[in-house]
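One chain, chain A, appears in both complexes that follow, with chain B as partner in the first and chain C in the second.
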Partner chain A sequence: MRLTQVFSNGRNVLKAARERIAFIFDHFEDIHVSISGGKDSTVLAHLALEEAKRRGRRISIFFLDEEVVYQATIDQVEYIMEEIAPEQVIPLWLQLEFYLTNATSLTETQFIPWEAGKAKLWLRPKKSYAIKFPPWDRSTERVADKNKGFGFYDVFTNFERCYTNTAFVVGLRGVESPNRWRTVSKNPASIGGQPVYWATTKGENFSLYPLYDWNFHDVWKYIYDHGLRYHKIYDYQFRKGYPINEMRISSLIHEKSFKALVDLPEFEPKTYDRLVKRAKGIALAQETGKKAKLFRARKLPKNYTSWRVYRDFLLQTHPDPGKRDILARRFERHLDNEYVARQQCRQLILNDYENNLPVDNQPDPKRQWIEYYMENL
Partner chain B sequence: MMFIDTAEQYLAYRETVQPVYVTGKRKRQVLIPCANTILARREMVMANTYNPNHVSDDKIELLYQSIIDNGFAFPAVVIWDEDQRLFVVVDGFHRYMVSGPKWLDMSHVPVAVLAHDAAQRMVATWQFNKARGSHEVDLDADLIRALIQQGMDEEDIVKHLGIDLDTVHRYKQVTGIAELFKNAVYSMAWEVMEVSDNGD
Partner chain C sequence: MIFIGYDDPAKRIEIDKYRQSRDIRRVVVISADEFPLPVPGSDQVTYSNVIRYVTFYRLMQEVDQYTLLVINECLRTQNRYDLTYNCIRNFLNQTEHQLIFQQLPQIDTAEDFMILFDFETRSRWKRRKFDLDLILDNAQMQVKPLPLTFEAVEVPTTPATQKKYTKEREKRFATLGAKDPHTIPRNLYLIGGQDKLAYLEAGERDREQWHVARNKRLNRDWVNTYSEATPEQAPYTIIELPHRFIEFSDFIRRSGQAGGRVLLADLKVDHWYFQRYQDWKERICETYASLQQR
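== the complex of A and B ==
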């Protein structure tokens, strides 16, 4: 037996999503919809709140607030929590301390949103109805990686453990995240005695993905047809000429966020000004983020003869001995060639000791071609 | 206005010139070099070798258009190099460039002279470059919409603002990105199903 994709006759993604959401309401008393402020979760929350209105029920809307986000994200979350169907909403807006990787600074490698004692520097004050302290039992708190500390995903894990038999509904789309989607469809959950290929079990709860077959144009059409408000950054990105299918609301201080930082002063100058005061390394990342040389390690700086020399220099001068050893030990297991060394430089520059952007440890493809030609020509 | 054609002329002029100050907060004396702007023969002015600022070609085009539209409203900022007996540009390199043979081909350029040493010069160049703001996308869009409402046509906007027509269209979009999808058709839904390997 194998899994395959079957198109349903004459049923579009909107009709299918409504049916899937009705199915969730039929089988679960407690429903949590996770939102990010992005377009997908806006559509998801709207669909779920429409169904909640129809049935006169209340559902939870969950938002984990990293503090260092666009003001437009906050505006969008407030819109979803407070304006679409406030009577149907149980707001779960989390504003508590956890660790975020700060890829922009070598000395402040972990950033703590809502850090106690720094309230004056926070990007904005906490929301009156936010959940400001962990609601779970701290004595049994789970941490995935003890070295890293209590991180972003740990908040989800521990929060979800406060519940049983609850539906956690997420706006994941298969086309956008094929790997995650494959894991979901290979591990279907059993709900009401039938396998559900767009849901997985998660501890004593379920994760469900009713928008899995939506394309980006479906999302935008739904937003247009229903006159929904959406994250302002999409319009900025559009005006700046981003391809429509590459528009994203990215985090502002994470390994992959340099592009977002480059444009931030133009999109939200006030957020940028606050962020520079709040987190280390932001101004340099903003200036250099779009230049290939520094953060992306595409081009060898002119005073180094090879990526290996540059790597050794970066290792020797790394300001944090603990992190340097982690990186050095990892590099010892790697092949010694220019292709690998360039990627090691990237990890050093991003201070990616957590290996979030792993090194492709392969023989140098350029070298292989040269050898092939030398032998065969 | 003082036209300067030779090094001797400049050295003689330098002896006579009075620095201009304006008093600011806490009685701080603020030097105003642009009050002593001179028109130097273009051959007496040279670029510096360390300017890290890069201005893209379309922005040079815009600068050229701006000087045609508004005139030379700012002097280039220079220092006097005693060894070469020339002016070296500290800020305004691109304005200086646009005054050259390929573009406006002017005989003289307006310069404001600073009494800086080499290090001070480099710092000044950096400050001049970095202290400039970037434009907010939102305000840019507002400005373009205002120009259109005042009857300026798109071609003129392209020419005077130094942007392409596609950008004008993007900025004109008042309704935003969702509007683009109003005529889209929803995709067909699909399901994951289990089938046997022999295809039945």
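== the complex of A and C ==
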């Protein structure tokens, strides 16, 4: 008899996740659960809080508030921090100034959440118990990208440096993308003398991913079975027929999520109204965020016959000389063909000077076919 | 086990043999939408339905160690990591009984055979390229090679057609812009159509014989399209070859005709298409020869 691949070993992902969370409680005094308000972090926080309740312990729930998020995100974070098991929660709700890429505007390329002096324009007032000032030593503050300034990931880096031997628990799932899978599995950590394949070392702390093997339907089953409240936007997205991979909850303006703006007036009209006043470029992105000729850069605008000409035009007319130079220097290292130029146009339109949507720098596959057909037909 | 080149009655015989020799309590047949394989008492699933939740989750619950999965003519795309293939892999992980039937071993290149090999081996070597030793060591196969032949029938074209061809060719390249370059041969190939028709109507046509062309533009009741082909009308004379090989594979399935007489206008594109199919035939023959080594 041939050996078949066996997945059933009497355990399921829920049982395994509970065991992993128990393991975290066994090995760490200080536990921080990071949440975003999405479905995965809701499940993770619930699992962790159940375990905390069982052991009579308190854990930190960490939320970095980017300000430009759905109101439903805030409702969900409040639910997690204040309603599931409030006596077990140490709330770490961060409302600090940092730079967030604004993909919707070329003139205001960086958005500063909770910017001082603009309190009247903020999407909502700060939370009473939020952490409003950086808790780390500013003199040793680390900034990864000097061009950008103190950014989103720098908040995490510096915040984590305030702690040692702490478990940062994250609801990341491997099936979401190969990159996420790589994040979980690339450097297994050693905890309590044993290798842990769903954890990585992070300076003097650890990042742990107890939901790494969950599929999206496992998450929904858990939410249903436990009667948890979940982010309202999922319902709207579901009704609108969003594919699973686009049902995401995150900031509304960065280069990977600005598409959410297209449906924002329909989902949360009040949030949209406030956002239009708060950040630049919102109305344009709302109208054209899914259009092939603008933000998606799939089709050339009518007056252009080549992506290279369009790219040169965008580069010449870029309003920010600093960012233009970064992009121009990067493009100099690229091949000069239509395939690459289209991707460069996308970076220019989305103001992706940070290279978050990298260019596939390859010879134009179309050109090769054209040359072949010229020779043979 | 992988069966290449079996017709429907032969497939049913193999399924019956398998059912009788093992404890099989349920048969699920997953077939290409156009080529169902009715088997008494079986659950029929179409290829396009595999990815639908209503089908996928039902089968995930129902397929067990007593289930025989029949994968029938499911080689529909060359993307080895296609979602439909991945769904089928999930079903296959739940049983060790599977029979895989396919008319030709590949869509285009021998690499396509690895999709069938993945089905047979539960994707254990999913990242490996076509490797004959690996295949022969780990897969059970029965191969009935199809005698693919393409016979060229030269058709002269008028100077006007040749002029039109040159003009159209230049225009196509000049105005391609952002369009798909494969539209060039596709469109140029249609130019010789009227000359082929004239050639046939001038007396070269066998009145009893049916012809097959890419579309209905020739407007003759003795010319069918590839999707209309039937075994009763075969053998067809081929006025134009399809651009995609899978369309010709489907034509073979529909008509039972593996190749045939191909009208070949004296235009470069016609010769290019004919040579392309000759090369395709060679590649398939090589795969047949490789798979039959043991």
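One rule holds in what follows: the second predicted complex is superposed on the first by the 358 of 377 C-alpha atoms of A that agree within 3 Å, B and C clash if a C-alpha of one lies under 4 Å from a C-alpha of the other, contacts with A are read in each partner's own complex, and residues count from 1 in each chain.
As a convention for this text, a contact is a pair of C-beta atoms (placed from the backbone, for glycine too) under 8 Å apart; a residue touches a chain by one contact, two chains touch by 3 or more.
No experiment lies behind these values; they were computed from the predicted model shown.
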First (chain B), second (chain C), both or neither touched by A:Y163: neither
Which superposed partner A:V13 touches (first chain B, second chain C, both, neither): first
First (chain B), second (chain C), both or neither touched by A:K221: first
Which partner reaches more residues of chain A (counting touched residues only), chain B or chain C: B
Which superposed partner A:W369 touches (first chain B, second chain C, both, neither): second
Set of chain A residues, in rising order, touched by both chain B and chain C: 1-2, 4-5, 7
Touching residues (chain side chain B, partner chain A) in the complex: 134-138, 140-141, 166-167, 170-171, 173, 176-182, 184-197
List of chain A residues in touch with chain B within their complex: 1-8, 11-17, 185, 188, 197-198, 213-215, 217-218, 220-221, 223-225, 228, 230, 234-236, 238-241, 244, 247, 265-267, 269
Complex interface listing, chain A residues touching chain C: 1-2, 4-5, 7, 299-300, 305, 338, 366, 369-370, 373-374, 376-377
Chain C to chain A touching residues, read off their complex: 93, 95-96, 122, 124, 169, 173, 176-178, 180-182, 184-185, 188, 268-269, 272
